[in-house]
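Two complexes come next, and they have one chain in common, subunit A, joined by subunit B in the first and subunit C in the second.
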Partner chain A sequence: MARTRKRGVDYSRWGYFFIAPFFIIYTVCSLIPLASTFYNSLFESYRVGLTQVGPNYVGLDNFAKIFTDSKIHVYALNTLILWICNFIPQIAVSLLLAVWFSSSSMRLKGQQFFKTVIYMPNLIMAASFAMLFFALFSDGGPVNSILLNAGLAKDPIRFLSRVDWTRTLICAMNFLMWFGNTTILLMSGIMGIDVSLFEAARIDGASPTQSFFKITMPLLLPIFAYVFITSMIGGIQMFDVPQILTNGNGSPDRTSMTLIMFLNKHLASRNFGLAGAVSVLVFTVTGALSLVLYRAMMSRYSLKGSSN
Partner chain B sequence: MKRLLVALMALAVLTSSVGLFAAPKATNGGKVLTIYVWNDEFQTRFKDYFEKAGLVPKDVKVNFVVTPNQDNAYQNKLDEALLNQDKAAANDKIDIFLVEADYALKYVNTDSTLDVFKDIGITKKDTEQMYKYTMDIMTNSKGVLKGVSWQACPGGLIYRRSVAKDVLGTDDPAKVQEALGTWDKFDAAAATAKAKGYFMVSGYDDTYRIFSDNAKSPWVDKSGKIQIDASIMRWIDMTKTYTDKGYNNKASLWSPESAAGAGKDGKVFTYFGPGWFIDFCLAGWTKADSKGPDALGNGSYGDWAFCKGPQGFSWGGTWLCAAAGTDNKDLVKAVMLKLTCNKETLVSIAKQKGDFTNNAAAMAEVAKSDYKNAFLGGQNHVNFFLDSAKSIDRSNMTIYDQGMTEEIQKAFKDYFDGKVTKDKALENFYTAILEKYPNLKK
Partner chain C sequence: MSTIATIERPRFLVGWRILSYAFLIFLSALCIFPFLILIINATRMNSDIQKGFSIIPGSAFMQNLSGLLKDPNIPVVRALANSVLISTCCAALTTYFSSMTAYGIYMYRFKGRNFAFNFIMIVMMVPTQVSALGFIKMIIDASLLDSFLPLIIPAIASPIVFFFMLEYMKSVLPFEIVESSRIDGAHEFRTFNSIVMPILSPAIAVQAIFSFVTNWNNYFLPALLLNSKEKRTIPIIIAQLRSADYLKFDMGKVYIMICIAIVPLVIIYLLLSRFIIRGVTMGSVKG
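Let's look at the complex of A and B:
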């Protein structure tokens, strides 16, 4: 007995040691805060001046308050609009670029250069990017000077006082920041597809469009679903660009205020009860949507073909 | 391994308990003087009149913690630090913090500020020349003075001389005052200015302070209900009319557009503000070369003058508060004495910086002297302020004023821009306020 115990070192336990750091850090930095958000959402707790009010247990009052007093549906709709209008062009351009870059028949030159360049905007902080746009498109900014000098406009266009322009600018910024990242993700997905499939299709006389819809897309589905869902989560949590561009107001008339900007408004007054309730709602919606979308998309992807 | 761990833990417990029980509450001799501010206005005064006079002890380091005012950022940071004051390391403890009129009351009625007389040791005689309102604001409900200021902030109308000649036919302050002495006359002049290609005011918020300061009721009543004074509604209606008729440049206060309006090619006729606005804001905006001389010919510098305008008002003001828990009490006292009580210093600040300082004797002296403000084309504008400084009454202040001011300006910008109706703007204002101050009622 003693001999076998000495000889048979139980390596299986080491696995737990190796993954332990992640779980410890996750618990401390993510799980506990998450649970405390749920807990906080049940209390009335805020600060007025230097006086702390609460925490007083109020049950689900904070949730009720959000649905009755605030216009959360408007902010949800804003968020959706701002996400959709950058996601559609983003996925279209990224797919096109990914197919081009990975195509064995096109052999584009200078690929490395372009891949780096399109990824660049993502390296700039969203805040500085938004500040830049704020300066460029302000009433007396360079864009207006160019338009006025070129005779394209009679009076300065007040971009940030208009709903359409403000939203367009936010979408444009998000598009610029993220299409490079998406392209690279999709490209890695496409490169994971067996090249012989494309070659076979070409020999069989399939057009590029046909091979895109019949081969690339179906086999790209898992990566595509991943890109779609992570982008959606990012979209729901969007706040940095509009926050800086509109000074946290979602101006004009709160039409560019996203859910998280609304959350920030409560955090600014240290209203942890209401902020917690908003967070819980956002969390629930995000979780539910991700699950539904994942199921819906993956139901069309069959693993039968690849497992053999 | 285990033994080491136990030893470490024991050590940790030991050090923390020693830290808890043995920390002596030193009120003097701190090596760092920590001052919380939101811009460099006080910083330059501190450097020019305190540090240069050699009053900072050699072994003391002065640490300015700067957080911008906007969106209550400064207050939030300050609150956080004040609530942690007891636990903070000696060098991080706040010694002095500055407060602005818009939220001064928030700190006056707390234990975070020290009694200027009893705790700091400044005497009644030191403060006897201060304008009464500057002390009223900082006096809490028990009659304890919690802060002092180097400035008093009666405001007036600052106009561009060359435009005044074109629009009114004169740039003499007395005659301009005659021509713009009431709001009706001001409106009439605005129409003339517009016809000649000028903007009467820069934008939406420029006249706000006149109406908010003349409001008859505080922003919040005793029961916590938000009330919008008739005077504020008048600002809204006037600004809407001005915007629709093209009398203003549609700029927001503190925006680059607003600053550009005062520049060399700017078309803005008038700005409203107190002494600090002239010196600390407008003068800088007018210079074409920011590092160039403060003289006529550099942008529109020197092409300005000052008069009382259609309605007297006051705007802002900065007070020094000694933070409870400071470890530099004597130094704090020295700073307060030198920068807010010393007549010579206050005369110099007025003459060199163009500030209207918080010392009646000093101001009377400057008013009588041959002092010439270069920015105002050589005018000695202090005279205009003397009476209005004495009549300032800020008894309507609340702790919510900054939030109210920012949010009403933001909400009604959409209305002035023609994006929403007046009712919708009002609704947006209430929404934003209730987010900021959940304890209030609509």
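Let's look at the complex of A and C:
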């Protein structure tokens, strides 16, 4: 009978103690600051030299200002260009590699080696990676030296003074840092597909191309959605690479200035009003994307464990 | 193993295999090439580097290293110590408290449990940058600028690590173990610390590595919160090298500094790569 009595003890309230630290810290370090960010976006508050201007309530003036004076739409467009030009080749290459790696008829050898190598750049500090590219592609750097010696260029290419090259370098770095990660995610998705589906298709006379487009692709859709949205949210946060590569200027002529670089500029100079307006805009976009991701992830999710 | 196509078409496949190997080798070369130049140039003298690139390593590695360590403007050793301290604390806090949160939601049927879970899932992807302004203001008001605490404490609330630990718990932690511990009269927190945590240790190890790397590489907030020279972390020092236009002074130093930021992580990664790569997919959606 002791057992029944024990069962009767209600342990559920203990849950509150276990989740309390998370919620206290999240509220203090993220929710209250987020509210304060929204609040500050309505005030004019900046520094000129040592004098502090404001905070004065200005309504939505800061939002008007970031569009008229600062041309935030240009930075948003830069961010979008830099993200898309890395994401499209990234998803194409990753899908190809994932299919190759998981195909038993290809029987690729050295998979572990290739996976190890292509995932490696993901762990490299973005700041040092950008600094490395800056050194490699500087006017007198190793890449120009190799190009000149090989006769591929007559004069050193001024990579970082040209819009196309600067953007290409940023996209190339982001591509290198993320395609290994995406490959591994897509691969786990392909591995999760029931083998008997491919068997059945084969018996019915489907070609590999047909089974790829009619089985693999549709069943990979949830993983695709996940990769797409997380990559987009990551793309909106793009900062370290262009910041270090262009020394925070978004050079040449602000064509590689991203939204978060712009936010960082105002935070560093303590122009809290404009920084607040930028934050609110970035929050709106990432928040909407997060909701889409949440719905996609939760549609078939259950809190119950497989061990119970 | 799943199969894309099991039909044997030898000739067709040979072509594909050659093509795929060529492409994989090309991509691997792209990934390795920048680091190869980095390591070669870190061993060459500034004057040699300025003359042009050569594939043959030099012998000035120690000279470059001691030059960097002696430079009073670049406190490398201090920055290394700071980065290790912050990253270690974050890794410890984030894994312990995320496990604790996940356990609370997984094990107890309290009122508001679903709300708590859904809340964490919704905020999972909201980037820290959007609340950075309010956070920085709060830190200024609390006179905690230039302290490591604002960089370490938020690690307690990490939705992504929480979700990862929850998924892991679902696959390895049966309710029976916890119940038998209760019958033995163990306190709830004691059960968590001495029975649940050891079961979770493989997942904790993976997440500790990821958390360490993330914080080691973190640049945005530290650069805004840390001012004084002795509080700088490695990414801030790298940014400082960039803005001071060190290329004109001593390239050897620049390359060796980048080496210091990258090489320790690459070594850890190569030792644990199987483990890490397996960990990448564990917390994401199941296709």
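Just so it is clear, the second predicted complex is superposed on the first by the 263 of 308 C-alpha atoms of A that agree within 3 Å, B and C clash if a C-alpha of one lies under 4 Å from a C-alpha of the other, contacts with A are read in each partner's own complex, and residues count from 1 in each chain.
Just so we're on the same page, contacts are C-beta pairs under 8 Å (C-beta built on N, C-alpha and C of every residue); 3 or more make two chains touch, one makes a residue touch a chain.
The structure displayed is predicted, hence computed values, not measured ones.
Trainee: Figure out whether A:120 sits in contact with subunit B (first) or subunit C (second), or with both, or with neither.
Mentor: It touches subunit C, and subunit B stays clear.
Trainee: When the two structures are overlaid on chain A, which partner does A:104 contact: first (subunit B), second (subunit C), both, or neither?
Mentor: The second partner, subunit C, only.
Trainee: After superposition on the shared chain, which partner residues are touched by A:290: those of subunit B (first), subunit C (second), both, or neither?
Mentor: After superposition on chain A, A:290 lies in contact with subunit C alone.
Trainee: Classify the contacts of A:46 with the two partner chains as first (subunit B alone), second (subunit C alone), both, or neither.
Mentor: first
Trainee: In the overlaid three-chain picture, which partner chain does A:253 touch, first (subunit B) or second (subunit C), both, or neither?
Mentor: first
Trainee: See if subunit A has more residues touched by subunit B or by subunit C, and give me that chain.
Mentor: The partner that reaches more residues of subunit A in the superposed model: C.
Trainee: In the superposed arrangement, does A:168 touch subunit B (first), subunit C (second), both or neither?
Mentor: neither
Trainee: Applying the touch criterion given at the start, work out whether A:268 contacts subunit B, subunit C, both or neither, answering first, second, both or neither.
Mentor: both
Trainee: Shared contact residues on subunit A, subunit B side and subunit C side combined as an intersection?
Mentor: In subunit A, residues 138, 140, 247-248, 268 are touched by subunit B and also by subunit C.
Trainee: What residues of subunit A sit close enough to touch subunit B in their complex?
Mentor: Against subunit B, subunit A makes touches at 46-50, 53, 69-71, 138-140, 158, 161-163, 247-249, 251-254, 265-266, 268-271, 274.
Trainee: If we count contacts the way the header does, which residues on subunit C are in touch with subunit A in the complex?
Mentor: On the subunit C side, the touching residues are 1-8, 13, 16-17, 20-21, 23-24, 27-28, 30-32, 34, 37-38, 41, 50, 52-53, 97-98, 100-101, 103-111, 113-114, 116-118, 120-138, 153-154, 156-157, 162, 169-175, 182-183, 188-189, 192, 213, 216-217, 219-220, 223-224, 234-235, 238-239, 241-243, 247, 251, 254-255, 258, 261-262, 265-266, 269-270, 273-274, 276-277, 280-281, 284-287.
Trainee: For the complex, give me every residue of subunit B touching subunit A.
Mentor: 71-72, 76, 79, 82-83, 106-107, 110, 112, 250-251, 255-257, 260, 399, 410, 413-414, 417, 419-420, 424, 428, 431-432, 434-439
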